[in-house]
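By written order: A, B, C and D. Residues from 1 in each chain.
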Amino acid sequence: MPPGPGGEALLTVAALCLERGGRELFRDLAFAVRPGQLVQIEGANGAGKTSLLRILAGLSRYGYSGSVARHCPLLYLGHLSAVKALLTPRENLAWHVAGESSYSRPQIDEALAKVGLYGYEDVPSHALSAGQHRRVNLARLYLSQCPLWLLDEPFTAIDKSGVAELELLLVEHVRRGGAVVLTSHQSLQVAYPVQILSLSEGLAA
Amino acid sequence: MTVPRTPPGTAAFCLALLRRQLTLAARRPIEIGNPLLFFAMVVALFPLGLGPAPDQLAGFAPGILWIIALLSSLLTSDTVFRSDFEDGSLEQLLLAPQPLFMSVLAYICAHWLVTGLLLALVSPLFALMIKLPAAAIGALVASLLLGTAVLSLVGGIGAALTVGLKRGGMLISLLILPFYMPVLIFGSAAVQNATLGIPAAPYLAVLGALLCLAIALAPLAIAAGLRISVDA
Amino acid sequence: MWSFFHKLGSPPWLYRIAGTILRWLLPITLVALCVGMTWGLLYTAPDFRQGNSYRIIYIHVPAAVVALAGYYVMALAGAVSLIWKMKMADVAMKACAPIGAALTFIALVTGAIWGKPTWGTWWVWDARITSMLILLFLYLGVVALYEAYDNKEAAGKACAVLSLVGMVNIPIIYKSVDWWYSLHQPASIKFTGDSTIDPSMLYPLLLMIAAFYAVFTCCLLMNMRAEILEREARTNWVKKLALEYRT
Amino acid sequence: MYFDSVEAALSMAGHGGYVWSAYAISLLVVALILLAPRRRQRKLLRRLAGEQKRRQQGHTAMEEGI
């Protein structure tokens, strides 16, 4: 049995309402994300999944009402890969603007090898494909020590084997006492209870 | 379980950012060369427009040199945050645990190093071309060193406010040119004085004061502007 | 006290109270404007040096004073909107910019017209005129920035930041332009000595300054009312208002 | 009144053109900034009223089963 969710909340959300263009996307959203939770946000296109994730990350600071409290460092991966085409994958990770940590060279090379970029460490990123850019970005997950991960469509442009590895990584992270909140159109194929937050109905168990 | 890694300190992070920005600039040398080329070309325009008489050129030289330096700084300031905004790096920067005030300063510092500093260093060459008296060259370089730093900081405010807009290029000039005027006044006055043999130090001191004020306040406005632009 | 601030943040309340204030302030403003203008135009003696052209002072100076004050009103509203996230402060800030630009324009045009008979030229790079020109640029910058954003909430915040930067910069710009002028000032043009103004000329001037402040306030409130309606167009109270308007 | 006649007031010893045009332009601009928000507000209310009228018509049409 995987360890059940418990412990201090990493993220608490209370009475969150969002309106865009005169349309109410969600109202009175309230939940807490605790260590060991794997939460998937579901909803149709335009349901406000990305908006919600950006509010949770703290990138959206107005236009909504309610409160979001973050109790730990978090890692946010958005639609954009934040990979500089002029830098090599190694440099991209070593000088990453998220400023999480300073990684040693072996750590970075190991993470790049894990996302299937072994041998690409010193190739300028503009020579890499879109999927490889995503992978450089995902390598941050292998390096990260942040307990809370907020991932916006992490499976986009990733091939089948990459998706399976990523799912394994997510499970490993929550088993270690981390938590993951992600948006995705496909359902996760993981041996771990996934909590679904459907944006039309509120949090389901 | 691996040893928990702590986030790097602010100084280390800013140095890494500075190194990153300078590497990026160095990998695209033409972007560094553009403002200098612009400087050279506009300097060539003035004799064509005003006539080649050396006396006349010398009289206008301090103002001409300063206005061109101001324009080349203005034209490059739009790019400070744009590529980072477009590829998502800016979002990540805003989420970094280090204070945004300092990281923004690192960006501006990198911008100044590849535009203002270089402009100041090559300006004596152009000064000779438009007959600025040799006695004023020291004051020109010193005033450009101080003044372009202020211009970079103020330009950063405009860049931060317009980075999210598709057509920010012209708008940024409208927003920040009024704020450039004091720098232009004191910078060209310093050079003017030096040509007349009057000490330029008081004006350089005023430029230094403006720089201090800009370092203290501009990053606040830039940080606020970036947060708004990323949110919009 | 707190409930007052709370009410200030409520659009329908602000809309209604602004309407009530306007019902009184607007007639008073118009009367003050007419009285001040007639007084200045017809009932004061001409200046012994400039003759009758000095009568332009009764609009030039008030417009300039209120235009400058307007920038500070705008910046303060911007600060309130940034710090306390008050949406109505956003509305007030946005409403200030076009009025301020119009008043600055009046000051510039009347200054130019005044310059022709006084200095023999329409435009002089005088310290105060140059400063007014820069002020006009600052106002237009705010208007341009607001229009450039599609998301009007972000536009408000961005303009608030810009106007705060402007507020810090205005004294620097004024001082530097002043100083620049004293450096380059040709000796022939010097039109204001330390002469004291005669009370018979001062009173209409004060009245006109008050009238221009009132014009500014009226325009501000009216602009705010229009802006509130636009932002709240989907709420029930505005729909009810629209129904009443039809009947 | 300072001036003896209307003509004197209009000419103001040669400065009349400047003074009166300055006042006229200022009055025009003040009138514009006072009227602009009022026009904007009326336009908006008229539009909203029209929208409601259309919606009500739609409702009655549905009720009548058309």
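Everything below uses one rule, namely that a contact is a pair of C-beta atoms (placed from the backbone, for glycine too) under 8 Å apart; a residue touches a chain by one contact, two chains touch by 3 or more.
If you're wondering where the values come from, they're calculated on a predicted model, not measured in any experiment.
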item	value
Most remote chain, CA-based centroid, reference being subunit B	D
C-D or B-C - the one linked by more C-beta pairs in contact	C-D
Averaged-CA centre spacing for the pair subunit C and subunit B, given as whole angstrom	33
Rounded Å distance between subunit C and subunit D, as computed from the means of their C-alpha atoms	19
Distance between chain centroids, defined by C-alpha means - subunit A, subunit C (Å)	49
Rounded Å distance, subunit B centre to subunit D centre (Cα mean)	45
Interface hub residues of subunit A, defined as touching at least two other chains	62-63
Where subunit C touches two or more other chains at once, by residue number	157
Contacting chain pairs - touch in the sense defined above	A-B, A-C, B-C, C-D
In the complex with subunit C, residue positions of subunit B that touch it	157, 161-162, 164-165, 167-168, 171, 174-175, 177-179, 181-182, 185-186, 189, 210, 213, 217, 221, 224-225, 228-229, 231-232
Residue ranges of subunit A in contact with subunit C within the complex	22, 62-63
Touching residues on subunit C, where the partner in the complex is subunit D	33, 37, 41-46, 51-53, 55-56, 59-60, 63, 95, 98-99, 102, 105-106, 109-110, 113-114, 116-117, 215, 218-219, 222-223, 225-226, 229-230, 233, 238-239, 241-243, 245-246
Subunit A-touching residues of subunit B, taken from the complex the two chains share	1-2, 4-8, 12-13, 16-17, 19-20, 23-24, 27-28, 83-84, 86-98, 103, 227, 230-231
Interfacial residue positions of subunit C with respect to subunit B in the complex	82, 134, 137-138, 140-141, 144-145, 148-151, 154, 157-158, 161-162, 164-166, 168-169, 172-173, 175-177, 179-180, 183
